[in-house]
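You will see chain A twice below: alongside chain B first, and alongside chain C after that.
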Partner chain A sequence: MPRPGFVLEVDRSTPPILTWHGEGFRLEKLPAGRSRVIYAPEPLEPLGDPDEEIRQALLNPLDCDPLPTLLFPGMRLTIAFDDISLPLPPMRRPDNRQRALEAVLDLAAAAGVDDVVLICALALHRRMTEAELRHAVGDRVYDAFAPSGRLLQHDAEDPNALVHLGVTDQGEDVEINKRAAESDLLVYVNINLVAMDGGHKSVATGLASYRSLRHHHNVRTMRHSRSFMDQDHSELHSSNWRMGRLIAASGVRVFQIETTLNNDAFPSQMGFLQKREWEWTARDRATYLATTRSLALAPPRTARSIFQAIKAPHSMTSVHAGEVEAVHRATTAMVYRQQLVPVEGQTDIAVFGLPHLCPYNVNSIMNPILVMCMGLGYLFNLYRGKPIVREGGVAILSHPTPWAFNPVHHPSYIDFFEEVLADTTDPVEIEKNYEERFATDEWYRHLYRTGHAYHGVHPFYMWYWGAHALEHLARVIIVAGSPRAVRRLGFSPASTLQDALEMASDVVGRDPTISHLHCPPIMIADVE
Partner chain B sequence: MRALRIERSLARFAAARVMPNHRPVPVRLADIDPPELPGPGWQLIRPLLSGICGSDLATVSGRSSRWFEPIVSFPFVPGHEVVGETEDGRRVVIEPVLHCRIRGVEPPCVACASGHTNHCERLTAGHLKPGLQTGYCRDTGGGWSLALAAHPLQLHDVPPEWTDEAAVMIEPTACAAHAALVPSPSEGMRAVVIGAGTMGLATIASLRRLRSDVESLIAVAKHPDQRVLARELGATVVVEPGELRRAVRRTTGSWILDNGQLTGGADVVYDCVGSAESLAEGLAVAAPGATVVVVGMPGHVGIDLTALWQREIRLVGAYAYGPEPAAGGRHSFELAAQVVEAARLDRLVSAAYPLDRFADAIDHAAHAGRRGAAKVVFDLRHEKRR
Partner chain C sequence: MIGRVFPLARPTWPGSVPRPPVRKALGLAYDTDWARSPGARAGRAAVRDLVAAPLLKVIAAPETRGLDRISHLDEPAIFAANHASHLDAPLIVSVLPARWRDELFVGGAADYFFDTRVKAATFAFLLNAVPIERQRVSRQSARVVETLLGDGWSMLIFPEGGRSPDGWGQPHTRGAAWLASRTGLPIVPVHVEGTRRILAKGSRTLRPGSTVVTFGRPLRPGAGTDARALAADLEQAIAALADELGSDWYTARRRAAAGTTPPLTGPESRGWRRAWALDERAGRRGRARDRWPR
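This part shows the complex of A and B:
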């Protein structure tokens, strides 16, 4: 029986706490008597036979007819699926998407459906490489569809491949992939890693255009999503739900397949990352030492390659299919079961060790903008109720924060960092003065459409992702990051956690209370 | 009188070349006689402030090109950015070019006859020893001393309300004004200035005050204080080295290809550094058909000129001053005075040293940007005169 999440009150006997630091780790001693460490629940038991569970979900969907009854010869069937941003780290083969796609395609073949197109729901993310697509959908599916041009990647900038379905009662344009919208059935295959994923967001965001996305990917929405891991208090989700309902009302039939994973995120060789420090065995300690020492000696590029090669032993814990909202309610309950940790009240300081990976740097570099997004966008927002740190408090992030970018994946990020952040770090000013120019830049558009670049506007979204935290916090400090890059972000550099705590005392006093979110594995702090 | 003097010594120049931190090995503080007046009308000038220029630094560090060997005469007293006083109390700035009319060459060369004395072809002729400017000629002396000899054609009166600091900025600003006016007028011009030392900053100021056709002006500044000044003087975008190509791309709407080269670029680029790197970067961000103006003294550099050929880029030098056709024939010194006053360029004078601290002064000038400075000068107003 997996143990639930746990909040450790730090005392003098508490060992140093493992803190992620990019492609490495640090052991940090937290002040006794006023610090706590929030640990994730242990991985839930996986489904015994995930392929059979998927088949059963398709045959017995929620609030919807069984999938075989929706399939008929001569129909247009489109199957969309999540892109490389999920899951994290990428999972070992077979990926949930492969399993679900194969099950749907088997049923389609049995029903005599010939016109089948697969679309990777990129939104404004980068196009995936062949190797990445093969990993996600499996070789069998890739070889059957890609050579004949029936495995597509959504292009949010192709006017001929988009259709405007209407405007919501809040004035939001709904413009999505034309093939998906004009199919007799749109099946969406999702991996719900966190509570933010899935539901109407799958189609309304994953298959949308910039014209549509800008209505919810903006500063106002992010500041009114508290948090976006809690759909009932997330303007991001409210907007997506309005759009999703409009999509359904306009005649697009969506059959949603959502899968969840347990948080078994790291292979057994790195088992210490899944454990609580006082439970480390001698072998765990030896592995930790060997790993950290060899990583310290490795050039950054090598260390990055080592971490990017990690394939998580995630296992499927549930699969639901059918009507979008019914499916997503069941999925979200499962995500919460795996990730919720009851936490009592807020503290003055939150410490977030940032890992090597976020949704936007798979096989890439965690550049400074992604560091901000990972810390203040994702980890800060891993809460339900209230943030773990009080308003006016301090966030301490731990990450090397190199002034380094992948120019193929993140071309507009470089300009955002060099031009925009050199001018201002205020999300509202950034949105007002710069967003449109970046969003419509011909070069970025070209690279997004033909290369493997994130859309020109994407770094703005990363910055907006942290807008709620920027408004909430009095100060952000990054431990052991490149001082120059950290200052460009508008944050304060500190050499050590102790220095950071000393610096934070200017804001929160000499004896602040501290929360350390021991993440990953992913969890959601359920703050009373 | 006390003067800093450079003698022809290959050993000293060679030593200076290998010394770190611009150690001024060839320079000596000496007690010498004031220069004799080379002819009628010549006057002794008592320098008040005398600047240290990039070309001076190249000379004292042994890094100057051998190009200059026949057009200088040893020993010489450096210093060509000079505000001084005549013996009858006129405050003047020196226009240092030693052209035909000053040398007594008759008839003057074609260039001097047309007024473009910076193109003079007789820098070794006449009654003066060779020397392209005051500060490189054995006979005239230079500004790093208590007295130099100047021809009346070299003297420009300083308005009484002007400070010495403003006046000493006229000569370098005249060079910048001349450079700014090299490219033909072109509405909506997108300009780049590489380098934000004195010449870069004065070029930015000149572009903004002498040309109405400059639409955008990107400045490359290495140091924080330079970036502040570049923006204050009129740069629309200020970037650090390494960020230039992307800034030009953003401004011009061009693309960047896989090898980092731009598909388009700026209409005019001013290289105010003069290194191989800055020239290469200047060519890299110049649009097809653009002009690259070399403002900083380059010396011996090695660069790939393929872009210059394939894109028909014009690479032109900008040396000294003269009547400016693009400004209705007004002289660069007159335009410079206008720029210095309007842009308050006296603020670029960051540090002043007495002669006996010449090593510190030269070290400061050589690392001016890093130390938050722009123009470093010798202050001769309080030197004992014997």
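This part shows the complex of A and C:
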């Protein structure tokens, strides 16, 4: 029986706490009597026979006819699926997407459907490589569809491949992939790693254009999403739901498949990452020491390669299929069951150890903008109710924050960092003065469409992602980061956690209360 | 390649002539318990990992597909494969994940592998072979096999009952399906391609080449499953795996759904046309060789 999440009150006998630090870890001693550590629930039991469970979900969908009754010879079937940003870390084969795609295609084959196209729902993310696609959909599906051009990647900048479906009652343009919109049936295969994923966001964001996305990927929406993990209080979701309902009303028939994962995020060789420190065995301690010592000696590129090679032993814990909203309700309940940790009240300081990976640097570099997004956009927003840190409090992030970028994946990030952040770090100013130029830049557009680059506007969205935290916090400190890069972000560099706590005392006094989110594995703090 | 034939080799036994009773300690009666003792297991693992697997990599260059289809299985299983060469069993054992490989026995024809003491001991040791009858399941072999499956061992069986004489598959016997319906364990269809080119039936020379071992989705016998229907499903599943290798996965699924999967047993025609069709099948897989000498 997996144990639920746990909040440890730190006392003098508490061992140092493992804190992620990019491609490495630190053991940090937290002040006794006023610190707490929030641990994720243990991984839920996986489904015994996931393939059979998927099949049953397709045959007995929620608020929808069984999938076989929606399939017929001569129809146009489009199957869209999540891109490389999910799950994190990438899961061991077979990926949930492969299992679900094969199950859908099995039924399509039985129904005699010939016109099938698979679309990777990239939105404005980078195109995936062949190896990445093979990992996601499996060799069987890839070899059956890619050679004949029936495995596509959504192009949000191809005017011929987009269709404008209308405008919501809030004035939001809805423009999505034409093939998906004009199919007799659109099946969307999700991996719901966190509560933010899935629902109407799948189609309304994943298959949308910049013209459509700008209505919810902006500073105002992000500041009114409290948090992204709580769709009832998330303007991001409200906007996507309006768009999703308009998509349905305009005749696009969506059959949603959502799968959830347990938070078994690291292989057994790195088992200490999943454990509470006082439960580490001699083997865990030896592994920790060996890992940290060797990582300290390894060049950054090698350390990055080692961490990027990690494949999570995630297992499927549930699968639901059918009507979008009904499916998403059931899925969200399952995600909450795995990730919610009840937490009492807020503290003055939140400590976030940032891992090597966020949704936008799989097989890539976590550049300073992604450090900001991961810390203030994702980890800060892993809450329901209230943030774990009070308004006017301090966030302490731990990450090396190197001044380093992947020029293939993140070309516009480089210019954003060099040009925009040198001018201002205020999200509103940035949005007003710079967004349109980057979003419509022909060179970025070319790299997005033909290479493996994120869209020109993507670094802006990363910055907006943290806009709510920037407004909420009085100060952000990064421990052991490159001082130059940290200052460019508008944050304060500190050498050690003790220094960071000392610096924070300027804002929160001498005896602040502290929360440390022991993440990953992923959790959601349910703050009362 | 022409193998050694009678009178250089032992004569084959006419089916119409009853065989004299074999000595009790051989054939079906051969007791293989010793081959599962800790010492024998350790020895077998050493031979397998240090000798057989590296050798097979050189000789057969196995490519493994479809392991993801069985990754969720956490119970013993019955692996049922097509059979064209003596290499099939060691090849499949060498590519199986450790959790099955270490606790696997192979159903071996009692009349072939267990007819002399030396052969029986060799195959029992090397492959953890257990004697079974080719065409039917006798009470004695069923009892041994069921006991082993009940003890958590997995089984590798060749439902064709013997190696293919011409490269095409042979009609399946129902042994594997019967065992699965009796024990409730899943059957994993396995398709092996390429071993015949390396060591065909009757050949005594190894010709190194490449092989592909494809694992299919497990078939689970439900309550009251008819072994006959399960056997037909199994044969169909292995044929679909062969089709998948020759075309692509979705085409194979389309054909399986439409009931038009090319049968493993090949065309009805005889003689050279069967051999010709076999070569064409290989050609579809992109491995066609020049038909004419240059």
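Assume the second predicted complex is superposed on the first by the 528 of 528 C-alpha atoms of A that agree within 3 Å, B and C clash if a C-alpha of one lies under 4 Å from a C-alpha of the other, contacts with A are read in each partner's own complex, and residues count from 1 in each chain.
We adopt the following convention: contacts are C-beta pairs under 8 Å (C-beta built on N, C-alpha and C of every residue); 3 or more make two chains touch, one makes a residue touch a chain.
Just so it is clear, the model here is predicted, and its values are computed rather than measured.
Visitor: Quick one: on chain A, after the overlay, do chain B and chain C clash, or do they fit? Just give me the call.
Guide: fit
Visitor: Determine, under the contact definition given at the top, whether A:138 touches first (chain B), second (chain C), both, or neither.
Guide: The second partner, chain C, only.
Visitor: By the touch definition at the top of the document, which applies to A:414: first (chain B), second (chain C), both, or neither?
Guide: Only chain B is touched by A:414; chain C is not.
Visitor: Examine A:506 and indicate which partner it touches, taking first as chain B and second as chain C; both and neither are also allowed.
Guide: In the superposed model, A:506 contacts neither chain B nor chain C.
Visitor: Nearest 10 degrees is fine: what angle do the Cα centroids of chain B and chain C make about that of chain A?
Guide: Given the fit on chain A C-alpha atoms, the answer is 120 degrees.
Visitor: For A:391, is the partner it touches chain B (first), chain C (second), both, or none of the two (neither)?
Guide: neither
Visitor: Taking the superposition as given, does A:94 touch the first partner, chain B, the second, chain C, both, or neither?
Guide: In the superposition, A:94 touches chain C alone.
Visitor: More residues of chain A are touched by which chain, chain B or chain C?
Guide: The partner with more contacted residues on chain A is C.
Visitor: Who does A:49 touch here: chain B (first), chain C (second), both, or neither?
Guide: So A:49 only meets chain C here.
Visitor: Please work out how little space separates the C-alpha atoms of chain B and chain C at their nearest point after superposition, in whole Å.
Guide: Shortest inter-chain C-alpha distance (chain B to chain C): 36 Å.
Visitor: Report, in rising order, the residues of chain A that make contact with chain B in one complex and with chain C in the other.
Guide: Shared contact residues on chain A: none.
Visitor: Going by the contact rule at the top, pick out the chain B residues touching chain A in the complex.
Guide: Touching chain A: residues 237, 239-240, 243, 246-247, 249-250, 253-256 of chain B.
Visitor: What residues of chain A sit close enough to touch chain C in their complex?
Guide: The touching residues are 46-52, 92-94, 98, 102, 105-106, 109-112, 114, 116, 138-141, 143-145, 147.
Visitor: Over in the complex, which chain C residues touch chain A? Could you list them?
Guide: So the residues of chain C in touch with chain A come to 65-66, 68-69, 71-72, 74, 217, 220, 244, 248-251, 253-254, 256-258.
Visitor: If we count contacts the way the header does, which residues on chain A are in touch with chain B in the complex?
Guide: The touching residues are 411, 414-415, 418-419, 441-443, 446.
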